[in-house]
Amino acid sequence: MKISLDTVVKTFDTFRAVHGVSLEIESGELVALLGPSGSGKTTILRMVAGLEYADSGKIYFGAEDATDIPVRDRGVGFVFQHYALFPHMTVAENIAFGMKVSKVKRGKQEIAARVADLLRLVKLDGLGERFPSQISGGQRQRVALARALAVDPKVLLLDEPFGALDANVRRDLRRWLREIHDELGITTLFVTHDQEEALDLADRVVILKDGKIVQQGTPEEVCREPNSPFVMSFLGDTNRLPATVANGEARIGDATLPAPGVADGRAEVFLRPGDLDWAVEGSGVAAKILRVIDHPGGRRLLVAPKDGGALELDVAPEIRARAGDEGYVAVRRGRVFAA
Amino acid sequence: MSASTDRKPPRIGEQPAFRRALIATVLVVTAFFIVAPLIVIGMEAFSQGWAVYAAAISDADTRHAIMLTVVTALIAVPVNTAFGVAAAWAITKFDFWGRRLLLVVIEIPFSISPIVAGVAYLFVYGLQGLFGPLLQAHDIKILFALPGIVLASMFVTAPFVARELIPLMQAQGRDLEEAATSLGASGWRTFFSVTLPNIRWALLYGVVLCNARVMGEFGAVSVVSGNIRGQTNTMPLHIELLYHDYQTAGAFAVASILAVLAVVTLVAKVLLERQGAGRGGRHPALATPQPAMTAPKLATEKST
Amino acid sequence: MKRRVLPGLHLTLGLTLLYVSIIVVLPLGALVYKAASLGFVDYWRIVSSGRSVASYRVTVLCALGATAFNLIFGVALAWVLVRYRFPGRRFVDALVDLPFALPTAVAGIALTALFAPNGWFGAYLAGIGVQVAYTPLGIMVAMAFTSLPFIVRTVQPVLEDLDPALEEAAQSLGGSDSIIFRKVVLPLLTPALLAGVSLAFARSLGEFGAIIFIAGNQPFQTEITALLTFIRLEEYDYQAAAAVASVLLITAFVMLAVTNLLQARALRYTQRA
């Protein structure tokens, strides 16, 4: 089911407002709403679900105007941030709840069979008789998903689905959710503040700030072509350096970077640590190493350019470097934005 | 917590002498101040033997008072419970203008002398009250009759159920109800199969306390009932009447029934607190400072 | 009205407002209206009459005495229940609520039986020249009995949640137990204590059932304001009853405001800590 939002507006007394958001989610797509807290991403998700009503604007499910359809009848599967599992019901009863209250009457056996299928799908066979308090966080998350899927939703909506889980459980569940999505092909929209999660999981990432969409695209597009300093810094570590732009080129030290479309004058260069290299001799920005931090996958150098400021760069493990060494920072790529 | 305190450095006030002296003092005062009144009721009730006790209990006026008290409770408690549940649902599941004010108004009866409540009802339904002439013209009796007693009882216990439910439902949030609704459940279905099972102990707790207060209410009922022996006397009023009639043993006999009710209430309270009712079992039965009630959070939103 | 996601707002809010209007607001409004219709001169004459003023004095002084007793005993009781483990602790903990569970009239006759000159305690106290029943002392006993749980139950949770690290810090800085209690523990308890005290005091001001049996009810001596209201009613002096009741009502509202203020402060304090 394709979902479209047409200039949706929602204001609160608090800051979690949404200011005219338009968005298309293709049928079968897995889309992440990514943004810092207060960016309005959960509000958008809840409006798609029907858990909030928009002040103005329209929400379409396929060709149908769903703006005024109450959540009961909207046919969405919603996975709550803290799962909202009914604590007094077993796992199986939780999953069966939506089928039991449905207007479509199902027999006991049919429901039981479907619950068993879903338990298998979420890899929780044999845990049906447990209560939510008797299973782990990751298992609860999967129960919440199975419960949402049980009603054959047109779209699946997840609010910070992995927010409350340990780092390694998160990673496993992410991959697993992707598999489930690919298997079922259900249109899925999820909210996260974790860019790694969004990039890892989604077909398309919608980045929000202050209730507005600032950029959307595939993970590749947003990573390679961030359209603003905000997106650039939100997606990962960056170095910022002042620079001067002349004739479509920005100059830092000996190096130049293409700056298409940036007006001449003062600008700011954004450099990912991985976009920089260290060489004892050569060209680039002359600098001195302040500290070296070693990781399993490489080394991070904290350096002080001669012209002032500070840079961090990620280099290969083989690079020889020690605090106090002097050399050059080579700039492989970077983004230039008008200051 | 302190089964193993011996192995830890002492906290303050742990010196054995001080500790023992303080425990002993508190126990003695408690015995004189709280336990003794309970014992004296039993002793006085049976001071003239079983026969007198049995006679006092089975006296027609006493039986009528018991009946009236039970009937009052049977009306006032369920109505109050319905109100408490409705108020808690409205206040915790929605944001609306004036919500805080409504909370304060619901709490008002706790702060008001029962006598004032009784007098207030007099000025609504009494002959000199707002509706008095109208009621008399239609020959409807509210004061000095069952309706007045029930109304006054409802006033003094209005906050009982609501105040047990509101903090709990506030803390539980709206996720469960939203989840049930998103799965297609109707409002009633959501309430009965999702909300109610999670508030049942607190609800029962409120009902038990409400019932104890309704059955024991004296001041407010004494103003509106007219104290007509064998007609509008509830048990507490009947105790007063017997007491002033110098039928002390009879008064204490009736009092002993209410004392048993009080003990049963306390036992029920402890049991319900073990189920997690009464906000961790650490709050006074009938009135507590309850920040959750006077300052509910207005935010509906989860993190964005 | 805005559209709501969860159902039932109109039903539940409607029911709530209806109930609150009929049961709470209407009667109190009628009382205020009645008192206000007296006119200032008559109103003032009634509420400032010698007997009225004497009843305020008795009520307030006895409530102060009872609250002072409960302040000391209540804190000691809460302390013992939270800090020490001893046989019967849970039993005592449950008993603390007895004054709430026991109907006031029952408490009244029981306390009278204990403290009357021929009662268990009264006889002994008479031997040392102290009379409790039918004196202001008796009123204080009844007030203290009915309001004890307020202080215990407000202090208890705060005492339980007190971070042991605070005491440990004070101990590591070399404070003696009594200094730590006065300088560290007591200040942290103070907001809860004030809230409990105001609740207990308010309850004492309005108490009726437990007091009238033990008080003796002599005008100017042992007649509390609630009883004076009742007596005016029995004399069919409804205007006077309305006026005196309105004084109690205003006092209740003032105490309610004070209590809410103290609780709000108490809350801020705990959250900061």
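Here the chain labels run A, B and C in written order, and each chain numbers its own residues starting at 1.
The rule is simple: a contact is a pair of C-beta atoms (placed from the backbone, for glycine too) under 8 Å apart; a residue touches a chain by one contact, two chains touch by 3 or more.
It should be emphasised that the depicted structure is a prediction, and the values quoted were computed from it without experimental measurement.
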Notebook entry, point to check: When all chain pairs are ranked by how many C-beta pairs they have in contact, which pair ranks first?
Noted result: B-C
Next item on the list: Can you figure out the chain closest to the middle, judged by Cα centres?
Entry: B
Next item on the list: Farthest from chain C by Cα centre, which chain is it? Let me know.
Entry: A
Notebook entry, point to check: CA centre of chain A versus CA centre of chain C: separation in Å?
Noted result: 55
Margin query: Using mean CA coordinates as chain centres, what's the gap between chain A and chain B in Å?
Written below: 51
Next item on the list: Go ahead and note the Å separation of the Cα centroids belonging to chain B and chain C.
Entry: 16
Margin query: Give the residues of chain C touching no fewer than two other chains, as numbers and ranges.
Written below: 5
Checklist line | Residue numbers of chain B (touch at least two other chains) | finding: 178, 181, 186
Notebook entry, point to check: Which chain A residues reach two or more other chains?
Noted result: 50-51, 70-71
Next item on the list: Give every residue of chain A touching chain B within the complex, in rising order.
Entry: 12-14, 16, 35, 37-43, 49-51, 70-74, 76-78, 80-82, 84-88, 97-98, 101-103, 147-148, 150-151, 159-160, 191
Next item on the list: Provide the residue numbers of chain B that touch chain C in the complex, in ascending order.
Entry: 1-3, 9, 11-15, 18-19, 22-23, 25-27, 29-30, 32-38, 40-41, 44, 82-83, 85-87, 89-91, 93-94, 96, 102, 104-109, 111-117, 119-124, 126, 128-130, 151, 154-155, 158, 174, 177-178, 181, 186-187, 190-191, 209, 212, 215-219, 222-223, 235-237, 239-240, 243, 248, 251-252, 255, 258-259, 262-263, 265-267, 269-270, 280, 282-291, 294-295
Check: Any idea which chain B residues touch chain A in the complex?
Finding: 175-176, 178-186, 189, 193-194, 197-198, 298-299, 301-304
Check: For chain C, which residues count as touching chain A in their complex?
Finding: 2-3, 5
Next item on the list: Going by the contact rule at the top, pick out the chain C residues touching chain B in the complex.
Entry: 4-9, 11-13, 15-17, 19-20, 23-28, 30-31, 33-34, 73, 76-77, 79-80, 83-86, 88, 90, 92, 94-107, 109-111, 113-114, 119-121, 144-145, 148-150, 152-154, 156-157, 160, 164, 167-168, 171, 177, 180-181, 185, 192, 195-196, 199, 202-203, 205-209, 213, 226-227, 229-230, 233, 238, 241-242, 245, 248-249, 252-253, 255-256, 259-260, 262-264, 266-267
